[in-house]
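Some structures to go through are shown next.
One chain, chain A, links the two complexes that follow: it is found with chain B in the first and with chain C in the second.
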Partner chain A sequence: MAATSFKEVFDKLNQGVVGYVVILLHVVAGSYLVYSQPRSNLAFLVFISSLLSLYFFRADNRFKILVGMLLALVIIPVIGVRNIFYLEVIFQISVFAALSLGLNIVVGFTGLLNLGYVAFYAVGAYLWAFFGSQQFYVLNYAPGTQPPDLPFLLPGDAFYLFLLVAVIIAAITGILLGLPVMRLKGDYLAIVTLGFGEVIRVLANNLDKPINLTNGPQGITPIQRPTMPEWVVDLFNSLFSGVIGHDVKLADMYNVMFYFFALLVIIAIIFVTKRLDDSKIGRAWTAVREDEIAAVAQGIPIVRMKLLAFAVGASFAGLMGVLLAASRTFISPESFNFMQSIGVLSMVILGGIGSIPGVILGAAVLTILNLQVLQGFSLYLNDLRQSDAVIPVINFAWKDLSTQLDPAKYQKLLFGLILIIMMIFRPEGLIPAKRRKRDVSVDETK
Partner chain B sequence: MKQFLRYLNVKELVRPIGQMLAFSLGSAAVMSAIILVLALVLDKTAVGTALVNKLNVSLFSYTLSNLPQVVIDGLTIGFVYAAIALGYTMVYGVLQFINFAHSEIFAVGAFVGVEVLIFLQTLGVLSGASVFMAYAYLSLAILLAMLAAGGLAVTVEKIAYRPLRNAPRLVPLTAAIGVSFLLQDLIRLVEGLTTGQFNRIIPTFGNFDDRITGKMTLGATKLFIGISVKSIIVIVAAVLMLVALNYLVNATKVGKAIRAVSQDMRTASLMGINVNRIISITFLVGGLLGGAAGLLYALKFTRIDPFIGFFPGIKAFTAAVLGGIGNMTGALLGGIILGLLETFAGSYLGVFTMGAAGSEYKDIFAFSILILVLIFRPQGLMGKNVGQKA
Partner chain C sequence: MALLEMANITKTFGGLKAISDVTFSLEKGRIVSIIGPNGAGKTTFFNTLTGIYRPDTGTIKFNGKSLVGLRTDQIAACGIARTFQNIRLFADMTVIENIMVGMHVHLKQSPLQTLLRLPGFNREEKEAEVKALRLMQYVGLNNVENELAKNLPYGAQRRLEIARALAADPQLLLLDEPAAGMNPQETEDIIKLFRDIRDNMGITILLIEHDMRVVMNISEDICVMDYGEKIAQGSPAEIRNNTKVIEAYLGRGAVAGQHEEKLQ
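Presenting the complex of A and B:
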């Protein structure tokens, strides 16, 4: 009952100008805190949570979009460039948000559990890694034995072309993988996708012979990035260097650029998802998710619909893969292990299966937990270890604490706990998907 | 004695042994025949000449001389897979649910057993133990591993799966993945905090590392047959467990209840069967088998880490699907076939592809089989139809 009463109180408060005031205050306070204290995790949390008040408080949509654009396009890049660590966190959040949104199409809309989602990510990443590096000329050399100055196969700007190519290749991979298992119950699909994820990783690890396609466990580097025009850096510097306090270097500018790319992908996914959700296909997906037999009875071609969902989800992962390869300039098979797949799945489930804002929230929460909270906790424990402090009651000296206890390395524990707790207590996620009524009357569908 | 025999269903004791013999010998014979024919065919091609240039031995005699060892290794690992696969298949039979955490139950069994042995070693009783005592200690370790794993399986079911019994299918599956991840890191945490390291090595004691060897001449080729005591222990222990399980399921009252619940849970409960208790028992039995399999695996491969459960778990699941999930005989057959296939692939792939692909692909071999099975025979070799009407 507490939840409903809280909701009532919140709704009562959330009227009129209150929304505008809270949003503005939160954004300004967050930005100021991060700006003035570039090392504080707490300040960053206050700042990033302003997106939450932007979502929850009631205000005019145009106002919300304006504030959102200001945040995404101006404040975040400026703050990120001022403190590169924040930009890294934000970039990771946007990468994982895009991946989770892609997985959400498969898991959330169609109800197909895909446990090997990063395999498609890997397909995209290796695609660009192969064509956007010197790997083509390394084919006949064992890893580590290639001559030093080999030419690049393609210019860096082919990156843009490969965004498209990756979408197509990943979609085809998804369809090929989905074909044999779509007729079976969902849990088979889960295991087969899991297996596929491992197959891709093992292939990436071992295809350095007989011909050296992937360079094995060492991974491929350097991978090219698209060229950055001089004037962009100059423009950014002339606009913001005063606020930032120093001139921005090219490398940092690249990070900003990839953040924007990820943002574009997120917007594209949201757009595609929303449009699909309102279309015949989206309704067919929902029908397949809710009851396959009933869906067949309605004349929905369920295998085709499932494959479509699978392909759409895969293509977004492929796209993000190209982005990852270019932004990191280095990829290795270990970036695509099973834990990554489960991590993305945990984000979807934590946020709310099928819910776009929920999934983004899930990605943000888990990435921050992973990159900031767990690591912060590790550092804190390390400090304690070096101090002479003693736990009072049980008389345990922190010095004696095993060095194995390093919270940053226990992500699986975190993901596992989140999955179990969410499934038992709140399977619909933090921000549940709104079940829209699809009645006869057109007005109510809005 | 006579009184006792009357209550003992002898048929159910003999039947599984017969099955196991038939399955092992049959699949070993079929696979050996295939590989030998393949070797004969490829002997005169580039593959054969490459081997002659490298090792100065013809492909056929290379294949033949390695064959006995490969078959024995394959059967050993196959029985371990079968023991794990039975845990999957029993739970699936009762709840139609893939117990993803079963691979970690297996890992916990391995760790508990190995830690018990390491503890015995620090007490100093292992090094000078006679052969009889060595087997007694090993049995003790297996027993404790089984108890720990079985208890854990029941606990996991109570805490994580029971509240989700009536939820949509993917909900318990997701929870099971969560349990699997959680347990992996919990093992790591406990091991890290108590011993400071999480790669554990099983102590050497007794005569487990001895090999019984024999020689045999077959035409021009000399066959060296060597079987380590370890392999015999693994196979014997697995066979004993499988026979006991078969007896439990097919010849006791509890087993009848388990079968009833897996046929129709609601009707079974109407017949006065305590469904919750039967499900707990199912998890317990699966856990006992998994835990013992864990220690047997550790005995065979000596080194364990908190993530050892993953691949055996996946392969055992594949074995269960291959045999027909929900079907216990199928799981046995699937485990044996998969163990053999994998060992054959691991040993011969390198030679047959001229070094292009080797044993590093062993681990994904199971997945290829899984996908092939799902395309061509989704109900498995011995199972009922599992395809959703499409």
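Presenting the complex of A and C:
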């Protein structure tokens, strides 16, 4: 009841110029806050939530695109360079949004519960980690024993080529891992895919012998980045150094660059997801999810459609894997543990299974919660611990607070709680999936 | 040559012979019913024909082409569409989408066309939508194209399932108890619909039905099954007076007068 009446009130408010005013106010206020207080988490939350206003309030599409471009191309880079941590948060949101969109195709559209999704992310990351580093010349050395000054196998600009290669290799991996599980459903499928996910991580951990493919638990570094042309830095500085307050260094410029790459990839992924969803392929996926027997009786080759879902989902993760390896210049098996798969699944469930805007929101909420809110609390508690403050009524000194109670350590508990609460109160997610309404009429003269 | 020729089909589940040595053929353009008591093997017969089960023995030919060993989706693509005894719609998809899924095998859009939204894609989708809307109206569903299938009333769900099957432009339509749970008026309407499907769309119909008003009214030929075996086949008049059939339905030693009521 509360939900419906809230929606009614919102719809009543959300008319005419209200949308324009709210969006502009929110964007301006948010930008001003982060600009003037580049260290405040709260300011960042106000700023980043202006994307929600942009999505929910009614306004002309051209206006929205204009504001969106202004945000993405000018305001975020400027704010991000002033506090590089914000850029990192936004980069991670994009990465997880891409992963969520990929997993959403498998879990949301096609209804196949995959708990090993991070495997494909690892495939993409290790692909570029191997070819974009010196690892090729380390094949015959045990980890840590290679001589210094080894050459790189490929130039850094091969990164662009490997974005494409990763899509293909990850898709093939998706099909290969998908083939043996095609007969499984529900819990059985979940358990086996969980196993596959772990297999890939264990392989990464142990393939440092007999030949050193992955450098084992130490991980691979340095991984190359694409070269940054001089003129890009100059152009950026000539445009923005005034507002930013100082000239931007090359290292920071890389963060901006990877932010733009992530933005491009996420836009491409949304585009592909939307178009596939609204086609014969997307309808077949959903039909398979809804009722396999009925779907196959309509002539839908279910094995092929499921493999296609696995392949497309995997390719998104592979793409982001390459981006991750290049942006971090370092990867190790620990980045691809089971918690990552669960994290991405939580984002999909929180946001709304099968809903494109939903899973993006889910990715944003959980990433911010993880990187900012929990960390922020931890830092705050730490400060208290350093001080002489006591909790008033019970007379407890903050100093004595165990570090076990550090909120950043409660990430898993938090994910678990979110999943349980969502399942009880809003199983369809924050932004539930909606079917497209079609406006069709039959020409009577025919 | 008959449209469908099945010979010596047997299908067992463990020790249970769900279908036992059934031979059956169906001419193009007819409306034929399969009847029989509960558990006689009628639904299993459909499932075997559509490839959900593979027969233990026997041959199935459709338009002269052997179907045994083909996957269900390949058999569907040969031109056999069906509905299910316990309605199986895509519950969370809209009515029009359900019907468009039925057109799956006829839509030619390639992944590239889909991603680039080439003109061929847009044209095909528009045509599919219009065709789906026509089919909706044809089976008597009006102004519900954007409703979710699960929100339709029961009778409408049955009609939607038929529309979805018709969307595949089948040569043979298999209906598993299509009139179950319908009131007399709805039953009469649906009988008219079946006649029209056969007469105007030229689709051969094979239906399983318990409601004798439907069976006797519409069938040109009736095949009776009991305990997995085909015990009789013939016109409604012949079946009505067949002692084996009467025994199957009423038990051995039934009085001749009683079955008339039941079958009427």
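Assorted remarks:
Simple rule for what comes next: the second predicted complex is superposed on the first by the 432 of 446 C-alpha atoms of A that agree within 3 Å, B and C clash if a C-alpha of one lies under 4 Å from a C-alpha of the other, contacts with A are read in each partner's own complex, and residues count from 1 in each chain.
In the analysis below, a contact is a pair of C-beta atoms (placed from the backbone, for glycine too) under 8 Å apart; a residue touches a chain by one contact, two chains touch by 3 or more.
The structure displayed is predicted, hence computed values, not measured ones.
Contacts of A:284 after superposition: chain C is touched, whereas chain B is not reached.
In the superposition on chain A, A:275 makes contact with chain C only, while chain B stays out of contact range. Contact with both chain B and chain C is seen for A:293 once the two complexes are overlaid on the shared chain. Of the two partner chains, neither chain B nor chain C is touched by A:144.
Once the two complexes are overlaid on the shared chain, A:302 sits against chain B and chain C alike.
Contacts of A:205 after superposition on the shared chain: chain B is touched, whereas chain C is not. For chain A, the partner touching the most residues, choosing from chain B and chain C, is B. In the superposition on chain A, contact of A:184 is made with chain B only, not with chain C.
Shared interface residues of chain A, touching chain B in one complex and chain C in the other, are 293, 296, 302. Within the complex formed with chain C, the residues of chain A that make contact are 272, 275-276, 279-281, 283-284, 286-287, 290-291, 293-302, 435-438, 440-443. Against chain B, the residues of chain A that register as touching in their complex are 107, 111, 113, 115, 180-188, 190-192, 194-196, 198-199, 202-203, 205-206, 209-210, 292-293, 296, 302-303, 338-339, 342, 345, 349, 402, 404-405, 410, 412-413, 415-420, 423-424, 427.
Against chain A, in their complex, chain C makes its touches with residues 50, 52, 71-74, 76-77, 81-82, 84, 88-94, 96-97, 100-102, 104-105, 107, 109, 111, 114-115, 117, 121, 125, 129-130, 132-134, 137, 145-146, 148, 164, 168. Listing the residues of chain B that touch chain A in their complex gives 97-98, 160, 163-164, 167, 169-175, 177-186, 188-189, 192-193, 196-198, 310, 314, 317-318, 321, 355-357, 360-361, 363-364, 366-368, 370-371, 374-375, 378, 386-390.
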